[in-house]
Structure formats: C-alpha cells, structure tokens
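Input: structures, listed below.
Shared chain: subunit A. Partners: subunit B in the first complex, subunit C in the second.
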Partner chain A sequence: MLKLLSNMSFYVPELVCILTMCTLLFMEAFYGDKSKGRTFVYITAMIGLAIAFAVLACSVGNKPQPIFYNALIIDSFSTVMKMIMVLGTLGVFYLCSQSTDIYEDLKTEFLVMTIGVLIGGMLLSSANNLLTVYLGIETLSILSYVLAAFKKRDGRSSEAGLKYVLYGGITAGVMLYGISHIYGILGTIQFSEIPGLIKALDSQQTLLLLPAFVLFFVGIGYKIACVPFHMWSPDVYEGSPVPVTTFFSIVPKLAGMAVLIRVTLVFFNHDGVLQTAWVGLMQVLAALTMFVGNITAINQKSVKRMLAFSSIAHAGFMMCGILVLNATGIRAILFYGATYLFMTLLAFYVTSFIIDKYGTDDHERFTGLISKHPLVAISMSVALFSLAGLPPFSGFIAKFNILSALIESEKYSLALIAVLNSVISLYYYLRLVKTMCVNEADSSEPIEGLGFVNQAVIVGLGIPVILLGVFWEKLMLVADGAKIFIQ
Partner chain B sequence: MFGLAWYLGIGFVLFCTGITVMIARKSIVAILIGIELILNGAAINFVAYSKFVTQDLDGHIFPLFIIIVAAAEAAVGLAIVIRFYQIRETIHIDEATQLQS
Partner chain C sequence: MENLLSCILWLPVVGIVAVLCTPKGKDNAVRWISLAVTTITFVLTLVLYCNFDTSMSEMQFAIKVPWIKAFHIFYSLGVDGISLPMIILTSLLFAICIMSSWTITKSVKGYFALLLMLESSVFGVFMSLDFFLFYVYWEIMLLPMFFLIAVWGGENREYAAIKFFLYTFFGSILMLVGMVALYYVTGQSSSSFDILALQGGNFTNEMVSIFGYDFHFNKLFFWFMFIGFAIKVPVFPFHTWLPHAHVQAPTAVSVILAGVLLKMGTYGFLRISFPIFPEASVHYSTAIAVLGVVNVIYGAMCAMAQTDVKKLIAYSSVSHMGFVMLGLAAMTVQGMNGAVLQMFNHGTSTAMMFLLVGILYERSHHRWIIRPDGTKGFGGLFTQLPNYSIIFIIGMFASLGLPGLSGFISEALIFLGIYERFTTITVIAVFGLLLGAAYLLWMFKRMFFGEVIEECKSYTDVNAREIFYMLPLCIAVVVFGVYPTPILDIMRASVGELVTLLSRF
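Our next item is the complex of A and B:
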C-alpha cells in the first residue's frame, strides 16, 4: 500500500490533469456571468495544463521508473511525448476560446473531454502492459467520439461522430481479439517479460504470434490513421468542429505513435523471422500511407480535408522512423512530433478563422489573404513550406532526420519513396500558398476574428517553426536524451 | 471434457459472427451489437487461456475491464446514434453519406 502511494509521486502530471478536470466540472456548476465565466474557465484549464507541463519538464532525464505494479513506466521518452501532447492541448484550448465553430452555449464540456483524451494519451505513452494499452486506447477513443459529434444540431458533426464510433468499435474489438491470442501464446501481458519469452518461442508459436500481432496492430493503426485503417479520418476531420479536428490531428496521433514505438521495440527487437516479417509489412504500410495521403490530398477542395490527408501522409513519414528499430529512429520521431505540432497548429488556426468568417474553407476563400493580413499569410506560408519539408524550416530538419535514419539502416527504397512523397506534397501545399499570396483578392474586407492578439499568436506560432529549423540542436539534444526504457 | 480448443472455437465463432454482422447488416444498431459480439469473443479467449494455459489472474482481470469499457462505449455509441436519428430520421448506414466528396 505504501509502495503504491509512493508511486503516486511519479504520476503527478496526470494527477494535475485529473484535478484540473474535476475543478472544471465544479466550475460548470457555478457558471455565472456568461462571457466572464467563459474566460475564467479557459484560464483555469490553461493554468492546470501549464502546471502539468512544468512538472513534466522538471522530470525529464530522471531514472526510468516502473510504477503501479509494472502497469506504467515513467521514462524520458514518455515524458517528452507527454510534454508535446500537453503543448498541443494548450494550443487547442486557445483556438477553442476564439473559434465560433463550436456552439455558443458551450460551457466546460470541451475542456473536460479534451483533458480526458489527453490523460488517455499520457496513459498510452507510458503503457507497460497490454491492459494499459487497451485502456489507454479506449480512454482516447470514447471521449473522441463525443468530441467529434460535438455540434449537437449539425448533421455533419453527428455523422462524423457516428463514423468514428463504428470504426473505433470494430478496430478496438479486433485489437482485443489479437491481444487475447498474444496473451495465450506468450502467457503474459507484461511488456517487461515479453522480449525474453519471444526469444524462447519455437517456430510454430512464432508463426501464430504474427497474425495475432497484426490483429493487435489494427487498433493502433486506426489511432494513427495509417492505410488501410485511414478511411474514417478524412470524414471525421471534415465533420468535426475545427478545434476538435486540430486536436485529433495532434494528440491521438502522437499517442498512437508513442505506443506503436514501444510495442514495436518490445516485440521485435530480437532478430529473427518475426522481425523481418514485421519490418517488411511496416515498410509497405508506411509507403502506402504516404502515397494515399499525399495523392488524395491533391484533389481536395476543402482545406480542412486537405490537411486531414496531409496528416495521414505525415503519420506515414513517422512510421518510417519506427521501422528502423533503433535510437536514431526514435529521436527522429520525437523531433518530428515536436515540429509537426507547431506547423499543424498554425495551419489549423488560420483555417479556423477563415471558416468562422465565411462558413466554408474552400481554397478560394484564402485568395489574396496577403493583401488583407500580410503577417498571417506569411506565417501560414511558413507553416505550409515547413509541412512540405523545405529548408530552412523545421519540417525539413524533421524529414531529414527520418531519411538519415532510413539510410543508416540501408532502407534505400523506402527513403526514395519518402523523398518522392515530399515532392508530391509540395504541389498541394504550394498551390495554397499561391492562392494566398499571388492571386488577387475579390474583396478587401478584413477577417474580424484576426484581431491584433490573434495575429500575434499566429506569428508567435510561426517563430518556433523557423527557429527550430535553424537552431535545431537544442531540441535534438532533448530528443536524444529521451531514451525509451524496456527491460 | 471440454478442452481449450472448444473455448477458442466459441471465441472464434463469436468473432466471425461479429465481423459478418458488421459487413452484412445495414442497421447501425445491429452493427453496434456486432461489436459487442467481437468483444465477447475476445473475453472468452482470455478466460480460456487463463484456465488452460497460464493459470494466473491476468486473464480474469482483462474481461472485467472489457465489460466495463464495452458498456461505456455502447452508451456513447447509442447516444450518438440517437442524435443521428433525430437529425436524419434514419438509422440506415447507407444514409450517412453527407461527408463524401
């Protein structure tokens, strides 16, 4: 009992988040004056997350510590991943406080549920047995379903929620079926025991394990939206309110990536048939994910949907970093995650204000943005260039890291495919830049949402995108120190 | 009398039934029921493996969590289906086509 309580001291960030969640629920009950109460609620939520971020930042580099009878593991990798996710949630909170895409009489529900998803993501990134993985994925999913269907009176939003529930339920079921067979074959659900047991398997058991693992992967693949489990993603992204879409493209995706890294290293670190088969499968999936994401993005009229497909492509890129199965790859993914966060937030911020103004997000709505709001248009262009992976922006360094990890482990064909995809993605990003900066605006009326503060925030988000592209050593050092711990 | 294979067989049949229901039926409620079948198939596997193979409690704890989570998921799922029905006045999956371009 005492040991459990002492374990709690490693679990402070999550506890802070839970406390914030409860505080918000209480505030809901005493919600007084509408606009004033609303600001107060947002400030409380942001302070809570800022505290959680500070605690996480303090504990980077501590000794890895398994807690709660080995159910969770607190290592530097999970801490850095949680920091990225908390930052993403903070960005989403600000966007939500500005956006009018969510219905007006919104109280604290969005914040409470977002923090809930964040806690699920934290659980996933430090999961140390299969039960925790399952619970983390379900915590992430069940609240996400509600978030997707958030605009109660909107048919598209509820359809998005419906599609998310159905896909989510099916994949969770298939994943559980896979986990049950993994448990049967290996006789344990603890990650710390699995690598040793896998070495001792005979060939027949190994043959059984691979299909079971593929079923297990369905659940994770659905969370990171890799092909062939990506079908829900564009529809859900398009139907959900913009703050929710922003959130979906950051937190659940990174959480899924974190758990995929850990699971891959636990199961396939041992050379053999299993590893060869898995790496081969992952190569095909990563290549397909990039191609499908990028090629489908080209034809999209809605910018939100285009960003959804581009985020599928980015997931494919991050998967490339996983299948090299070494520390370079993990470092590259953490770096990619951190830079991806800022680029995506910036792109969605601008899109959100456009949607609030015009009600749609077609490409034409961005026409001549540079003459109306030059700073915003330039920041958006920076984000899009960075997403495409052009130097000197941070997206280039992120992609370069992944490519160097691929070449280091002699996966030349996949590296080639990744570069090819960068070129394809350049087309649709640059098309939007052209619409914004070259085409003439049909009217010069400004966008009300983009006041001074919001412009400053958007430019402020653009700064790390540039700075991380030039002074990347600092972040690299952090990512390099974030070692994953597997017994 | 009944060995491991029997239980795994039942689990497999439930799994396949669930998948078939989800592919063949067009009613959203039926699809949600199909999901429950899959989850139950997995739960039976866990208990069977725990009794015949590992002899530990992990395999008993897991189904308990599955039951709880399945209940939460069904609650959220049905709530969304009700909302969908109120807006669209149908629970036919083929009617959910507003989000395709």
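Our next item is the complex of A and C:
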C-alpha cells in the first residue's frame, strides 16, 4: 500500500490532468449556461495542463522508474512524449475556444473529453505491459469516438463517429486476440520479461510469435493510421469538427508512435530472424504509408482532407525512425513529433479560420488570401513549406534527422523513397501556397474578425516553426537525452 | 576583415528588414533602399577583391563558428579563386537588376524583399564551406525564386514556377541523400559536413545497396550529386524547366537566373563533385563531355527554331553552359580556367541580352520575332532605336564569341584545354559556335533590319537609367575581352590546385 502511494508521486502529471477533468465537470454544472463563465473554464483547463507540463518538464532527466507493479514505466522518453502531447492539447484548447465548429454549449465537454484522450495517450507512452497498452488504446479510442461525432446535428460528423467506432472496435478485438497469442507463447505480458524470454525461444515458437505480433500491431497501426489500417482516417478527419481533427492528427498519433517504439524495442531489439522479418515488414509499411498518404493528398479539394492525408504520410516518415531500432531513430522521432506539433497546429488554425469565415475549407476559398490577410497567408505558407521539409523551416530538420537515422543504418532504399515522397508532398503543399499567394482573389475585402490575440497566437506558432529550423541544437539535446528504458 | 564575408552575406537581410519596415505607399523609398543595399554589397565585394591574395589557393577570409555541435555542423564561410568571381558577378548583377526593376509596380515591397533574399541565399551558396550550410542556402534560394516567377511573371507563370521548384527540389533532395551518406561514411569520429575535409574522397571500397543492387559508394553518390547540380546548370535531359522559367520570369529574375543561378550548378561541380569524388569524376569525364557537347549543339538547334526572342536567349544559355561543362570535363588547367572564365563571361553577356530583351518588352509588350500568325513582330529597329541597337550589338557579339569581346577568350581556353583529351567532341562543339553565330545573327537580321514595322515607330530609344545600368556590363564585356588577366589571376591558384587533385586519379 505504502509502495503504491509512493508510486503516486511519479504519477503526478496524470493526476493533475484527472483533477482538471473533474474540476471542469463541476464547473460546467455551475457555469454551464453562462457564456461569461466559459472564459473561466478555459483558464482552468489551461492552467491544469500547464501545471502538468511544468511537472513533466521538471522530471525529464530523472532515473527511469517502473511504477504500479511494473504496469507503467516513467522514463525520460515517455516524459518528453507526454510533454509534446500536453502541448498539443493546449494548442487544441485555444483553437476550440475560437472555433465555431464546436457547439458553444458543448465546449466544456470537449475539454473534458480531450483531457481524457490525453490521459489515455500518457498511459500509452509509458505502458510497460501488454494489458496497459490495451487499456491505453481503449481509453484513447472510446473518447475519440465521441469526439469524432461531436457535431451531433451534422450528418458527416456522425458518420465519422460511426466509422471510427466500427474500425476501432474491430481492430481492438484483433489486437486483444494478438495479445492472447503472445501471452500463450511467452507466458507473460510484462515488457521487462519479454526480451529475455524471446531470446530463449526455439525457432518454431519464434515463427509463431511473428503472426501474433502482427495481430497485436493492428491496434497500434490503426491508431497511427498507417497503411493498410488508414482507411478510416480521411473520412473521420474530414467529418470531425476542426479542433477535433487537429487533436486527432497530433495526440493519438504520437501516442501510437510512442507505444510502437516501445513494443518494437521490446520485441525486436536483438538480432535474429524475428528482427529481420519485422524490420522488412515495417519498411514496406512505412514506404506504403508515405506513398498512399502523399499520392492521395494530391487530388483533394478540401484542405482539411488534404492535411489528413498528409498526416498519414508524416506517420510513415516517423515509422522510418522506428525501424532502425537505435537511439538515433528515437531521437529523430521525438524531434519530428515536437516540430510536427507546431506545423500542424499552425496549418489547422488557419484552416479553422477559413472555415469559420466561409463555412467551407474548399481549396478555392484560400484564393488570394495574401491580399485579404497577409499575416494568415504567410503563416500558412510557412507551415506548408515546413511540412514539405524545406529549409530553413523546422520540418526540414525533422526530415533530415529521420534521413540520417536511415542512412546511418544503411537503409538507402527507404531513404530514397522517403525523399522522393518529400518531392511529391511538395507538389500539393506548393499548390495551396500558389492558390493563396499567386492567384488573384475575386474580391479583395480583408478578412475581419481576427482579433489581436488570434494573430498573436498564429505568429507565436509560426516562430517555433522557423526558429527550430535554425537553432535546433537545444531541442536536439532534449530529444537525445530522452532515452527509452527497457530492462 | 574577418567578418567581411558575413557582412556581405547578411547585408541584404538587413535590407529586407528595412524594406519591410518602410511605410505603405512609399514605393520609391523601397527602391532606393534596395539599390543602396545592393550597391554597398557590390562595393564590399570589391573590397574583398582588393584584399584577396591571388597567390594562395587556400580559402581566404575564412570564418568558422559552431552551429550544431551534436552534428558537427559549422557556420563556415570562405572564398577562393573559384568563388570570388562568382561573388563579384552576383553582387554586380543584383545591383543592376534592382535598377532594371524600377518599373515594377505590383507589390513593390514584396518584390524587392524577395530579390534581396535571393541575393543573400546566392551569396550563401558561393561562400559556404560546410555542406549542410551549402544545402540550406541552396534550398532557401528556391523560395524567393518561386514567388518572383509565380507572382511577377508572365501569363503562364504558375506552371513555370511550380515546374522550376519541383525540378530543382528533386535534384537537391538527391543531393541531400548524398550529403548525409558522406557524413556517415567517414565514420563517427571524423564525421563532418566540412567540404574541405571531405576532399580527396577516401571511400572507394565502400558499397551501397539500394533495392537489392550493389553500387560503389563513390560512383553512386557522384551521380546523385551530379543530377542535383545538372538540373541547375541545366544539362541536357534535365533542362526542360529552363525555357518555361525564363520566358515567364520578369526581366530581372531572368537575368539572375541565367547570370547567376545556372552558375551555381557548375560551381557545385567545382566545389563539391570534383573535389569530393575525384576518382568518379575522372572516370566519368567522358560522359560529362558528351553531355556538354549535346548541350552545346542541342541548345543551339533549339535556339535557332525559336520565334520568341526571350526563349531564344534562354536556349542560347543552355548552349553556352554546355561549353562550361566541356571545360570542366577537360580537367586540364586551360579547360578549367576557361570554364570558370566562361561562367563569369556568360554571366555578363547573357545578363545583357536578357536586360535588352526586357527593355524592348517594356515598349512592345510582346517578344515575337515572328508572330504565331506569320507576320513579323519587330522590324527595322536599327533605324528606330540606334543607341539600343549599339548596346544590343555589343551584347550579341560578346555572346557569340567574337574575338575582342569576352566570350571569345573563355571559349578559346576551353577548346585549348579539351582538344587533346576529346578531339572528336571538340570538333563537334566548334560547330556549336557556328550555330551560335547563326541563330544570333539571324535573329538580329529579322529584328533590326528590313522594313520598319508600323508599331515599332512609336518605340522610344533607351533612356538614361537604362543606359546607366547597361554601361557596367558593356564595359565588363569589352574590357575582359581584351584583358582577362585580372579574373584569370584570381582563379589561377585555386583551379591549379583542383586540377592537381584530379590528376592524381
């Protein structure tokens, strides 16, 4: 009992989030109908997350600590991952407060549920046995289903929710089936014991383990939307309200990435048939994910949908960092995650403003944005160029890191595929930049209603996108220090 | 003196800030600020020239500051005899381009800010001694170019801009793979992006496996880099972006594109490909020479078929850059010297031609030698615009290599250098000169002689501003045609060093 209590001290960030969640529920009951109280609710939510972030930031360098009878592990890797996710959620909160895409009376619920998803993500990033992984995925998913269907009077949002549930339900089942197989082969669900047991397996059992792991991977693959489990994501991303889409393309994706890194290292960290087979499979999946994401993004008319496909491609890029199975790769993914966060937030912020203004995110609606609102157009261009991986923006450094991880372990073929995908992605990003900055608008009336704070936030998101592309040593060191701990 | 290079590199950036801070509506202030900045930069490059020690082949004015320690990346600048002529050319052309852009009225602030950004990034490419820094500048350059073509260009500008961007990005991304591979091949302890440290290439035995096929590290990445630079030059199969970009770009951007950016490709060969992969370079020099001669002949043939005068000049650039490739492929002292000199001379002469076409376009608003319906676009300009015609004649003859003007000397040096190694190719390439004379003179005949077309009568001759900015180029073309020694002196030591390095393989 005492041990459990002392373990709690490592669990403070999550506890803070849970506390914030409960507080928000109470506040909703008291302030619910008054729009005046709403500001108060946001401030509370943001303060809660800020505290969680601060606690996480203070504990980055700490020694790895397994807690709750080895169910969770708190190491610097998980801490940094959590920090990125908390930051992403904070960004989404602000977007939610501005967006009209979420019903005014449901905004508190939105906050509560995103925090719930965030807690699921945090659980995933420090999961230390198979059951916690499953628990994390389910926490993440169930609330996500509700979020996708949040615009309840909108047919497409409901459709998104339903599609999400169906896919999620099936993949969760398959995943659980995989877990039971793994347990059957190894006799344990603890990550700390698995590497040793795998080494002792004979060749026949090893052969059995791979299909079991693939079944297990289905659940994670669905979360990060890698091919062939990506089918749900464009429709869900398009149908959901913008803040939800933004949230989906950051937090669940990174949480899935975190858990994928951990299980990959747990199961495949020593040389052998198993590793070769898995790395080979991952290479194919990563390449396919990039190609499918980028090629389908080319033809999209809706910017939100385009960003959704591009986020699939980005997941493929991050997967490249996993399959090299070393510290350079993990460092590259963390760096990628941190920079991807700012670019994505920025791109979605602008898209959200356009949707609020015109009611649609059609490509044409961006025409001549530069003459209507130069700041917004320039920020969007910065975000898009960064997503395409062009220096001096941070997206380039992120891709550069992944590329060096690949080339360091001599995966030249995948490196070539990855850079070719950069070229493909540049095409559709560039087309949007062209629409915004080159094409003449039908009318040059400026976009009104973008207050000072909103502009400041857009600039505030744009600055790290550029700064992290030039002065990236500090972030690099943080990512480098975030070692993953596996017994 | 130590910070002179940084000053030149960052002064345009200061200019950008100043331009962006000028209040709305003060377009003239923007123009004067840009002119002041580029002129000061030009003066600074002259200071650089005066303090340059021509007897040294090493990097001068070098500065090396750590940037990203974890990756051994440095902010490392320096100039030698190969980059100095390019830097002077760049600063000169940019100052001239600012003057020639006085008539731009569409979002003036953005235009001049982008032009200054372009100048800074081009300087960055020519000065970087760190491969990573080089690459970053190489890519940054695409952004202003894209917007300059796409916003201020001609009718079909969007297509041209996107094509240019994608093509170059494709090339540079291959270079990126090569760059990272070079970093890791040298082993963790000595890994670096330092261009000078990578010279001499000691990785002949490394193998690389791509999609199951094994390649020699040396040869594979030589070709990766080659494609990256060749797209920029542009070398024959990769040249298709160039006519579009040139025709659609506004005059000043065409001048920069032809005058400076194309040289970045050949500069890349001299700074990166040849020193880092000397063995592969020597091994494939025949291929480079063949591509060069194809460029010469094919570019000239295409130029001959054009009815749009700007497209004609654009193709003539393809042809002339072919001579540079030939000079590089020779790998002899004369050939290399000729190539670098040709880079400089082509920069001045082609800039003249594009500026002149631009001046004409401002009066006529079309560029047809023969219109699509078969009627003449221009005629009898010689009697209408006498001063213009004189400048045009100087530029044209410099371009076709008339003895006494700049083009002749560099081409002669190139032929001298290459004759012994590739006799057949030299003989074919000489026909390129003939073709060059043919298409230029034919164009001149069709535009400047014959009956005066009705609409040409309203054209006014060049004004004082136009004469003023054409004058430095005219002087350069004539002076360096008679007395090229100053430039040859600058480059002699560095080129000699490179040739010695290559001759060991």
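The rule we apply is simple: the second predicted complex is superposed on the first by the 482 of 487 C-alpha atoms of A that agree within 3 Å, B and C clash if a C-alpha of one lies under 4 Å from a C-alpha of the other, contacts with A are read in each partner's own complex, and residues count from 1 in each chain.
Everything that follows uses one rule, which is that contacts are C-beta pairs under 8 Å (C-beta built on N, C-alpha and C of every residue); 3 or more make two chains touch, one makes a residue touch a chain.
From a predicted model like this one, the values you see are computed outputs, not experimental measurements.
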Per-residue touch tally on subunit A - higher for subunit B or for subunit C: B
Subunit B versus subunit C as contact partner of A:V146, first or second or both or neither: first
First, second, both or neither for A:V419, with subunit B first and subunit C second: second
Partner chain in contact with A:L430 - subunit B first, subunit C second, else both or neither: second
First, second, both or neither for A:F385, with subunit B first and subunit C second: second
Which of subunit B and subunit C A:D480 touches, first, second, both or neither: second
Which of subunit B and subunit C A:I18 touches, first, second, both or neither: neither
Subunit B versus subunit C as contact partner of A:L210, first or second or both or neither: neither
On subunit A, the residue positions that both subunit B and subunit C contact, one per complex: none
Subunit A residues within the subunit B interface of the complex: 131, 134-135, 138, 141-142, 145-146, 149, 152-156, 158-163, 165-166, 168-170, 172-174, 176-177, 179-181, 183-184, 187-189, 235, 238-239, 300-302, 305
Footprint of subunit A on subunit C - complex, ascending: 67-71, 135-136, 139-140, 142-143, 146-147, 150-151, 157-158, 161-162, 165-166, 169-170, 173-174, 176-177, 180-181, 183-184, 208-211
Complex contact set, residues of subunit A against subunit C: 385, 390-392, 396, 400, 403-404, 407-408, 410, 412-413, 415-416, 419-420, 422-423, 426-427, 430-431, 434, 437-439, 472-473, 476-477, 480
Contact footprint of subunit A on subunit B as seen in their complex: 8, 11, 15, 18, 22, 28, 31-32, 34-35, 38-39, 41-43, 45-46, 48-49, 53-54, 58-59, 61-62, 65-66, 69, 72-73, 76-77, 80-81, 83-84, 87-88, 93, 96, 98-101
